[in-house]
Amino acid sequence: MEKIRKNKKIIFIFLLPAVLIYLCFEVIPVIMSIYFSFNDWPGIQAIPLKFVGLNNYKKLFSNGVFLQSLKNVLIYMMISVVLQVPIGFGLGLLIHHFKKWQRFFKAAFFIPMILSVTAVALLWNFIYFPTEKGILNSFLIKLGLDSLVHQWLVDPKTSLICLIIVSTWTSVGYYMIICLAGLTSIPDSVLEAGSLDGATGWKKIRYLYIPMLWEPLKMSTIMVITGVLKIFDTVYILTPTGGTGNSTIVPALLMYNEAYRYGHYGTGSAIATVIFVLSAFVSIASLKLMNRRESIEY
Amino acid sequence: MRKGKAMLSVALAAAMTLGSAVPALADGDKTKVVFMSRDSGDTPIAKVYEDQIARFMEENPDIEVQNDSIYEEAAYNNKLKVALSTGETPSIFYYPAIAGLTEWAQNGVLLDLTDSLDADQEWKDSFLDGALETYDLSAYGADGIYALPNELNVDAIFYNKALFEKAGITETPQTMDDLYDAIDKLVAAGITPFGVGGKNTWVMGHIFNNILAKRIGREGIIKLGTGEKKWTDEDVVECLQITKDLKEKGAFAEGFEGMDYNTQMNQFLTGEVAMISHSSPIIPEMLNSESEILDDISFFPFPYFTDKEEFKDTHVVYTSGWMISGTMSDEEKEATLKLVKYMTTKDAIQERMDAAMRVAPYKDIDAPEDAPQIFKDMVEYTGTISDSVGEYFDYDTCSTLVDTSRNGILNMMLSDTAEDTAATIQADIDANRPQ
Amino acid sequence: MKREKKRSVGFYAGFILFVLVALVNVYPMVFSIFCSFKGNLEIFSSFTSLPKKLRIENYATAWNIGNIGRYFLNTLILAAGTLLVSGLFGAMASYILAKFTFKGKSKWYLLFIAGMMIPIQAVLIPLSYIFGKLGIMNNYPVLILLYSAFCFPMTILILTGFMNSIPTELEEAMVIDGAGIGQVFFGMIIPLSMPGIISVSIFNFIQVWNNLLFPLIFVSDKNKGTISMGLLAFFGEYSTDYSASMAGICLTTIPVIIAYIFFQEKIENGLMSGAIKG
């Protein structure tokens, strides 16, 4: 077996198709994009690239709106990790328990994920609607909490958290599925053994499920992080301008505007590169952090 | 880089042969024309264009027209920008800019239409007087006419007659003081004066633009665009302040900053609000809805300021144009111009007006006999306009101005002062306007 | 393997609460269905009310304008191709990255994972530049490879994780029994990683299903359009026809949900019977 594991021919044949496709359609365009970030280019073929060195980056980091967008997205990321992974896995564990209604539950929590962005946006617009007619506001009034009624997406204090809630709502279903997939691959005997040991409640989660599901947990965390750092759709549709006083501006939205609205393709590419480097850094850091704990082999 | 790109292409081509079939072949030896407008889907105007293109292709079997129109703004924008970046400029396309076209004009992306127009005097004469000058970019350093004005969107205030009567307003407001008076009366009667979808920042932007037009006039707006005037000038700040004060007067629905324009329209059409500020193409949209107040809807021009009587007759009219690609072969160019002329004959323009109530900048086009009164009134009003101005940022080469100013205005409605807003906008221009 | 467990009051309380939460979560879908039967003004007059009468015609409009039938099929073809390519090649690569040893392995792994961090908008212009040069627009095989490339990062991340946790002894036993690498991979690794493959395929499917940017830029032939492009047709000139667009959304979403529910049960049963370990 050890010999097979080092067999260059097998390694080559198995890796080749994926590597080739990936290089052509993703790596090469990204490298081109990084190259663009050192140039000025108005996005017209007739005008050649003009090399400007680090100018685009210098401009970016002296731009208050860009710095604000970095701050927003980091807050977005931290809250999302704390919300999405635990809720998703919590749902997964609960559903695993409730064998009877499993199909209904799974579909119920997974549906938001399947809905198109248009539908999601339309719906949450009605929920966050700024007047008393809004679904959330009218609900608060029914509960007698009139003082809480306000313009959810307009008020800079609430707008970002409102967007995070929408993201969470759409994606927890997926982490739930990952959790369930992880649980399915754990042999029943192991879970049985855990139960026989008399572990209950928090202890069971802490000493049985978390170590068992460590790999899926790790993956999900990375997915949340990388997903949030490039987030665009939700923000663009619910707060197209990036919110009152830039309270919900994120780098991908800025990048979109710079490249596709203002024709500053170099600056746009520079933002894309920053997003890329930032998420690489954060995810490698969190991988390192999570790798310290060994998962249980069974 | 060139060598790098060649290598990329080779690598990619190698990958292609592995997994892909032969690319689809283009249609024989037909000349291809790509038409890309913002009119798509189920709208009457989209159908008119679709029909005209179909008829054109029937009459010209050697030309194939591909209609790539997309309404949805972001989608349209993505597709157009990608096309421009790869040099696959659509033969005919739309882009909302005037001064902003300069760089494209200077670099051959757009066709200078001067010669083509001069070569066909009859065609040239069919445009309304002065209309072609809209896209004359010589003031910005690109000599020539770089687009054909294709549509006129006339701004006005649409109002609900029944609600006006209920509030005791007998005359439509002529001056801003009349308007303030009307607002007071409506508020007193418990009616929200204006429906505004602030979330779509163009709505507040258009209201501000009207105020600007009525206070600094066409010339002032153009000076603002070329840099002769600054946003921090007293009269511009004053316009911002007037816009902000409208909110203090209770002119807008509560929570308008977070509503979108669909909500605004529906508030108006269900009789919840008395007025909306909008432009002429909204008329067919309103008439197509199932609203019960259609008979009560009428419009009046944006009021003027009695202390600025000289700009009383400056009206806001948004012109949208068709840009023609400057990178086509002679054959393609000929086919494209043929299509454009086909779609702008007197009959074709009349067809647009009859079927879709579109007002185009061409002479001798009349509203059809059986058209609804409000539309006839609009066509008549359009005919009386001799001094018109578009959107302030149309005259500025700073591409970020549209967003900075509109976002700035919305922030001003929420909290910022007029002075700070002006300073923010001016700072953005200073940083981003090409020298 | 039946186990009898005492159910506490807390369990039932939790269960009921959970049912409620789930219902709240389904409500948006119900809401979309309601809206799809309403008129435009009706939607705005009250967001949550029941439709006054069932406007079936919204669905007819949606079907015709959005060219839903054709686009549905197109999108299905694209999605199926992508799942096949990304699933098979992704699993092959993951197996190597999880179980084999060679120089630079972790670098290859990181290179793949790094793809997750790339916003699609950032590569559009370079990609279309290359595609334009090679004249490969409107080409489904190319589109499938493109989608697959963007599916690989997630696929490889998840599948390597799954394959890592497959005990090495199982492979060794098979090899000692004289099985070749192909038999080990298809006969054991793939079946054991099925839960992972399924969950990542679901994810990839949704990515392809909802992706608007790629088909928008790389497909200009109207007959080759996708669902997401079809939905764009509902955005009218100055206002959006919400009722028709909601009908369109329902038309395109409900089959996916139904397929999902069916799919899920089939797969789970298959897993139970095919489970090797335990």
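Here are a few things to note about the model shown:
Order of writing sets the chain letters: A, B and C. Residues in each chain are counted from 1.
Everything that follows uses one rule, which is that contacts are C-beta pairs under 8 Å (C-beta built on N, C-alpha and C of every residue); 3 or more make two chains touch, one makes a residue touch a chain.
All values reported here derive from a predicted model rather than from experimental measurement.
The touch graph of the protein chains shown is complete. Of all chain pairs, the one joined by the greatest number of contacting C-beta pairs is A-C. Averaging C-alpha coordinates per chain places the centre of subunit A 36 Å away from that of subunit B.
For the pair subunit A and subunit C, the distance between mean C-alpha positions equals 16 Å. Work out the mean CA point of subunit B and of subunit C, and you get 38 Å between them.
Under the contact definition stated at the top, the residues of subunit B that touch 2 or more other chains are 8, 12, 15, 19, 78, 81, 85-87, 263.
The set of subunit C residues touching two or more other chains comprises 121, 125, 129-130, 145, 242. Residue positions of subunit A touching 2 or more other chains, listed in rising order: 21, 24, 28, 32, 43, 129, 259-260, 265. Interface of subunit A with subunit C (complex): residues 1, 4-8, 10-11, 14-15, 17-19, 21-22, 24-30, 32-33, 36, 43, 94, 98, 101, 103-120, 122-123, 126, 129, 133-135, 169, 174, 177-178, 180-182, 184-185, 187-189, 192, 215-216, 218-219, 222-223, 226-227, 229-230, 232, 252, 255-256, 259-260, 265, 268-269, 272, 275-276, 279-280, 283-284, 295, 297-298. Across the complex, subunit C meets subunit A through its residues 1, 3, 14-15, 18-19, 22-23, 25-26, 28-29, 31-32, 35, 46-48, 85, 89-90, 92-93, 95-97, 99-102, 108, 110-119, 121-123, 125-127, 129-130, 145-146, 148-150, 152, 154, 156-158, 161-162, 164-165, 167-168, 171-172, 175-176, 181, 185, 192, 195-196, 198-199, 202-203, 206, 209-210, 228, 231, 242, 245-246, 249, 252-253, 256-257, 260-261, 264-265, 268, 271, 277-278. Residues of subunit C touching subunit B in their complex: 39-41, 44-45, 61, 65, 121, 124-125, 128-130, 132-139, 141-142, 145, 212-213, 216-217, 220-221, 232-242, 244. Subunit B contributes residues 8-9, 12-13, 15-16, 19-21, 23-24, 39-43, 45, 66, 68, 70-72, 75, 78-79, 81-82, 85-88, 261-263, 265-267, 269-270, 278, 281-282, 285, 289-291 to its touches with subunit C in the complex. The residues of subunit B lying in touch with subunit A in their complex are 1, 8, 11-12, 15, 18-19, 74, 77-78, 81, 84-87, 103-104, 107-109, 199-201, 253-260, 263, 327, 399-400, 402-403, 406-407, 410-411, 414-415, 432.
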